[in-house]
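Note that the chains take the letters A, B and C in the order they are written out, and that residue 1 is the start of every chain.
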Amino acid sequence: MSTPQPLSGPSGQVPIPGEDVSSGATMSRRSLPASLLVGAGLVVVIAVVALVSFLWTPHDPLLVQGAQRLQGPSGEFWFGTDRFGRDVFSRLMYGARTTLLVGVVAVGIAGLIGTPLGVLMGSSPRVIGEAVMRFNDLLLAFPALLLAVMFGAVYGSSTLTAMVAIGIATIPVFARVARSGTLQVLSSDYALAARSAGRTKLAIAVRHVLPNISGLVIVQASVSFAIAVLAEAALSFLGFGTQPPTPSWGRMLQEAQELVAVRPSQAVAPGLAIALAVLGFNLLGDGLRDRLDPRLDDRRGTG
Amino acid sequence: MLVQLTKRTLLLLASLVLASVLVFWFLSVLPGDPAQVALGTGATPEAVAEMQERFGTDRPLTVQYLDWVSGLPVGDFGVSYVTGATIGPLIVDRLMVSLWLVGAGMLVALVIAVPLGTLSAVHHRRPLGTVLAGVSQVGIAIPNFLAGILLIGLVAVSWRLLPAGGWVPPAQDPVEFLRRLLLPALALGIIEGAVLARYVRSTVLNVLREDFLRTARAKGLTPARALVRHGLRNAAVPVVTILGLQLAVLLVGAVVVERVFVIPGLGSLLLDGVANRDLLLVQGVVMVLVLAVLLLNYLVDVLYTALDPRLRAAA
Amino acid sequence: MARSVRTILIGLAFALVLAACDAGDTVDPDEATDPVDDVDGEPDEDDTDDDVDEDEVADDGEDVAGLSIGFAAEPASLDFSTDDGAAIPEALLVNVYEPLVKIDQEGEIVPVLAESYEVSDDNTVYDFYLEEGVTFSNGDPFDADAVAFSIERVQQDWTIGLASQMDIVEDVEVVDDLHARVTLAEPSNNWLFSMTTRIGAMFSPDGVDGLDEQAIGTGPYLVDDFARGDRIDLVRNDDYWGEAPDFNDVTLRYFGDPNALNNAMLADDIDLIGTVQAPEGLSQFEDDDRFEVIEGTSEGQVVLSFNHDREVFEDQRVRQAIRQAIDRESVMETSWGGYGELIGSMVPPTDPWYEDLTDVHPYDPEAAEALLEEAGAGDLELDFRVPNLPYAVNAAQTVQSQLAAVGIDAEIDLLEFPAVWLDEVFTEGDYDMSVINHVEPRDIAQYGNPDFYWAYDNPEVQDLLEEADRGDEETFAENYREVARIISEDAASDWLFLAPNLMVANERVGGVPENNVGEMFDLTVLERT
C-alpha cells in the first residue's frame, strides 16, 4: 500500500498539514472550490455508479461466457470482456459498490470507536488519558495491511475481514485527532468558564467538544476513506480482500495482470477507477479542511 | 532531557512486550496444521503427532509464548515448522533485501519530493504551483502496485531495458543489483514522492511566512535566495521527522511491491509464511515489522525532542 | 473528470520517462564488458574453442554458457525426504540425486544407476545390476550397500506420505558390490514405477546430514548455492560417470507469481519457463520469434471433486447432473487459456489403458436440470472450497457460473494453498466440492481408497485395483481401463481437463522435454543450440 497518510502507522502522529490553513480566508475562498468541487464531483459520480449498479448494469457482472472472452471495447461491451467473457464495465460498476462498502464500514468502525475514545482520552484524568494514549500508539504500529493479512490468515480472507482490519487499524488515527481537538477545546475560555461553573470534564466534552471537533472528524473521515480504498485494492490484489467472483477493483487488476501486455485496457480500467476514487476522497478532504477554523488545525497531536 | 529519554525508552520496552503478547495470542489461533503441511498428503497421524512434539506445538500456549519471547532479544526466532530452517538468519537476510528496496525507494521519493514540493510552494497561488500540487495529488492516488505493473509492462517487457523482477545481492554483482533494484524502487518511490511532496510543500510554505525570511527579503534577497540560504535548513527538521515515520510505512507498503517484482524481501517471506501456515515464521516477521515501526517512532520522538527547543520546553 | 484523467496519464508518462533515463545508464556497463574480454583474450580467433571462452567468463562470475530456468513454485528446502513439496524433486531428482531407474519421455521405465535389472516371474524379486565406477559427490563410491542404505532409509527415516510406497519391500540383499536384490512382501506392479520417483533416489551413507541445505548425489550436477525463496545454482559435476550434460551452469529461479515468470522471460532474464502457469499471456510468446512455445502433456488431471461423505452426493443423479451442467471446453478456456486436453476420467492419454470417455455424461444443462428435479435436489447449495491457485480459482468461477444456470448455488470459498486447503479439505474433509490438479502419476488408484479426501467407497473399484497390482501387466491394464469407465459413469468426480505442460524456450536452448513425466525436470536432455 502506498498508504500515504495516517493509516499505516506512525504517520498518524504527524497528519498531513492542511493546504495552508493559516494563510487566511481570502486564499481559502479562492482555492477552495477547485479541490472541493472536483473531489465532491468524483465522489458523487462513484456513489451514483454504485447505486445504479443495484438496479442496472449493461450485462450480468458474474455471468461467464466462454465464447465472448477477451474481447476489445465495442458497442456491446464498452470496456471489453475479461478472460471469463464477463463485461468489464459492468464489473467496474459493481466494483464501485465493493469499494464504497469497504470505505464506509472501515471508516465507520474507525470513526465510531476512535472518536469517542479520543474524546475520553482528552477529557479523562491525565494519567489515564496518557496510558490509553500509549496503547493507542501501540495499535498504530499494526498497519492495516499487516492486520488484514493476519485476519485473513485466521478467519479466512473476505471483504468483511478486510474492512474490519482496515477499520481497526484506523481507529488510533481518529482517536488522536479527536483527542487533540478535545484538548484544545477544553483549554478554551468557554470551557474553562464551564469548568468553574462546576461541570465535569466529561459533561463539557459531550456538550461542547463533540460539536466542535465534528469538522475535524469529517475531514479525517474523507482522508481515511481514500486510504481505505487504497488498502482494499492492495489487499484484494494480494488475495486477502474481496474474494471472487465478487467484482473488486483490486482483484480485477490482479486478474488483468496476466493480460497486461495483451489487453492493457483490462488493467487500466480498474487502475483508473481506484486512482479516481482515491483522488476524489483526498480532494474532498482537503477542500473540507480548508473550510475549517484554522485554530482546529491538528499540527502535532502530542501534548 | 535524560528523564524524558528514560521515560520514552521504558515506554518502548513496554510497548514491545505488549506487542509480542498481541502478536502471539492472535496468531496462535491460526488454522491449519504446520506439521500436516510439511509432511504432505499421505502422512500418517503418528508422523504428524511426532512432528508436533518435535516442534513443541503440543505444549500449552503460555509455555510456547515464554519459549518464543525469551529468544527474541537475542534474535532467536525459533525453527520453521515447514522448512526446518532457523528463522532468525532468514529474517535478517530478507530484512536486508527489504531495507535496500525501502532505502532506494525513499531516495527516489526524495529526489522527486524536494524539488516538486519546494517549487509548488514557491509558486504558490500561481499556475505552476497549482499544477504541481495537482500532480502530487494524482501521484498519491495511484496504488504502488499499479505503478509496478505498468513499469514492468513498459520498461521491462516492451522496451526490454531492465529485468522484470528478481533479486541479485549487491555483493554478488553490483551492476545487476542496481538493474533489478531500479524498477521496484521507482514503483515505491514515485508514489511515496507524491506523498512527501505535500509535506515538503506545506513545510516550505510555513517557513516562507516566518519572520526571518521576511527580514531577509526586506534586506534585498530574492525569494529563492532567501529560501535556499535560510529556509531549507529550517524546513529540514519536520521533513526529516516525517521521513523517519514514512520509512516504517514504506517497509509495510513494500510487501505489495515485493510481490509484483518477485523480490525475496520481508513481505514475500510474510506472505509465503501465511500460505504455508509457518506460524513461527509469520510471528517473527510480524514482530520484526512492528518492532521496526515502534523503533522508528521512538527515534523520531527522541530526535524531535532533541532538535526542537520549543518542544523540549513544553515537555 | 477528463482533465483528471489526462493529468494521471501525464503523471505516468513522466514517471516512465524518468525510468527510461535511468535504465539507459545502467545498461551501459553491461555492454562495456565485451570489449574488456576482447582485450584480455585473442580478439580475432572467434571460434578457437568455445569451452576456453566459457571458463574465462565463468571466473568472472558471468557464465555465458549458463542456463537460467524459471519455475513458479519454490522449494522450501532441499530435503525431499521430509518436505512434500514438488519443487524439490523437480530440481534435484535425476539432476543431482539419481535413481536406479527413471521414466523417459514416452513413459517407459529406463535404467539410470542400474545398468540393467531383472524381475522374477511373480513380480516379487528385483535384481539390480549397477553401473561401475560411479561415485557420490562426496567421493564415496556408489555400490549395492548404498542401494540397501537408501531403500532402508526411506522406510525408517522418511516422513513424507509417499514413503509408504516403500513399505512393501521386505528385504534388500547385497549380493556383491554391483548387484542388489530387492524382495517384496507381495507382488506389486506399482513398486518399480514408484522407484522412478524421489523415493528411488540413491543417497551416500555418509552424505545425509543437513539435507535441507546440501545435496550429495551421483548426478551430473552439484548444488552450488541454494538461496531460499529465490534460486538454486547448479554446476556441472566434473566427475560425473555418464555423459556430461550440455550446460555448465544451470540456475533454477523461482517466481512466486506466474505473471512475473512470464515477464522475466519476455525481458530476456531467463532462457526457459519450466512450467507456464499464466497461459493467458502465452500469445505474447507466440507472436515473438525470439521464443518457442512448447506444448506437451502432463499427468495432471484437474478434478472437480465431490465429497462422497456428504449426503447430497449420495445420489448418483446429482453427481451426474453436475457433470452435465459443466461445459468443460469453456472451463479449459477460462482456466488454462484453452490449452490442455479434455478427458472423461482419471487417466491421461499417455497411459496405455487410456480410453476416450469424453462422451460419458456430455454437457447438457437441460438434462442436468431434469436430473436434479428427478432427484429432488432443486435448490442445491454447495460449499465450494477451492485452493487459491490461479487455475483453480479461474476454473471455480466458471463452474460456479455454469452451475448457477441450472439452479445450483455453489459458494466459492478460497483457501490458502497449501496449508489451509490441505488441512481443511484434504485432511479434515470439510467441503462439498473442490478443484485441484492431481499431478501424481497413476493416481486413479485413489478411487479405491475410501479414506482419500473424496471418500469414494466403491467395493467393485477397490477389488479391481487390488487385483491389478498383484496381477500381470495385462490384468493391470485391463482393470485400470475398467475402473476408469466405472468411475466416469458413476460420476465419482468431474474431470475438467488434463493440464497441459506448457513451456517457453528461447533460441539458446533445445531438446526441451515436452512431456511432464515423473517428478523431475530432466536437465540432462537439454541441448545448447
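In this section, contacts are C-beta pairs under 8 Å (C-beta built on N, C-alpha and C of every residue); 3 or more make two chains touch, one makes a residue touch a chain.
The shown structure was predicted, so the numbers you read here are calculated from the model rather than taken from an experiment.
S.K.: Kindly work out which chain lies most centrally, taking the average of its C-alpha atoms as its position.
M.R.: Taking the mean of C-alpha atoms per chain, the most central one is B.
S.K.: Of the pairs A-B and A-C, which shows more C-beta pairs in contact?
M.R.: So, comparing the two chain pairs, more contacts are at A-B.
S.K.: How many angstrom between the C-alpha centroids of subunit C and subunit B?
M.R.: Whole-Å distance between the two chain centres: 36.
S.K.: Between subunit A and subunit B, what's the gap in Å when you average each chain's C-alpha atoms?
M.R.: Centre separation, subunit A to subunit B: 21 Å.
S.K.: Report the inter-centroid distance (CA atoms only) between subunit A and subunit C in whole Å.
M.R.: 43
S.K.: Touching two or more other chains, which residues of subunit B qualify?
M.R.: As it turns out, subunit B has residues touching two or more other chains at 31, 138, 141-142, 150, 152, 157, 259, 271, 274, 277.
S.K.: Two or more other chains touching the same residue: where does that happen in subunit C?
M.R.: 4, 8, 266, 284, 388, 416, 420
S.K.: Counting only residues that touch at least two other chains, what does the list for subunit A look like?
M.R.: 153, 257, 260-261, 275-276, 279
S.K.: Would you mind writing out the residues of subunit B in touch with subunit C in their complex?
M.R.: Answer in residue numbers: 31-34, 36-44, 47, 51, 82-85, 90, 94, 134-135, 138-139, 141-142, 147, 150-152, 154-157, 159-167, 172-173, 175, 178-179, 182-183, 186, 190, 259-262, 264, 268-269, 271-272, 274-277.
S.K.: Okay, in this complex, where on subunit C does subunit B touch?
M.R.: The contact residues of subunit C facing subunit B are 4, 7-8, 10-12, 14-16, 18-20, 22-24, 26-27, 29-30, 61-62, 76-77, 79, 82-84, 159-162, 164, 212, 227-230, 253, 255-257, 260, 263-264, 266-269, 284, 388, 416-420, 422-424, 426-427.
S.K.: Using the touch definition from the top, list the residues of subunit C that touch subunit A in their complex.
M.R.: 1, 4-5, 8, 258-259, 262, 266, 278, 280-281, 283-284, 327, 329-330, 333-334, 388, 390, 393-394, 396-398, 400-402, 404, 412-416, 420
S.K.: Write out the stretch or stretches of subunit A touching subunit B in their complex.
M.R.: Per the touch definition, subunit A meets subunit B at residues 1-5, 8-11, 13-14, 16-20, 22-23, 27, 31, 34, 134-135, 137-138, 140-143, 145-146, 149-150, 152-154, 226, 230, 233-234, 237-238, 250, 253, 257, 260-261, 264, 267, 271, 274-279, 282-283, 286, 303.
S.K.: Under the touch definition given earlier, write down the residues of subunit B that touch subunit A in their complex.
M.R.: The contact residues of subunit B facing subunit A are 11, 14-15, 18-19, 22, 26-27, 29-31, 124-125, 130, 133, 137-138, 140-146, 149-150, 152-153, 157-158, 188, 191-192, 194-195, 198-199, 202-203, 205-206, 209, 238, 241-242, 245-246, 248-249, 252-253, 255-256, 259, 270-271, 274, 277, 282, 286, 289-290, 293-294, 296-297, 300, 314.
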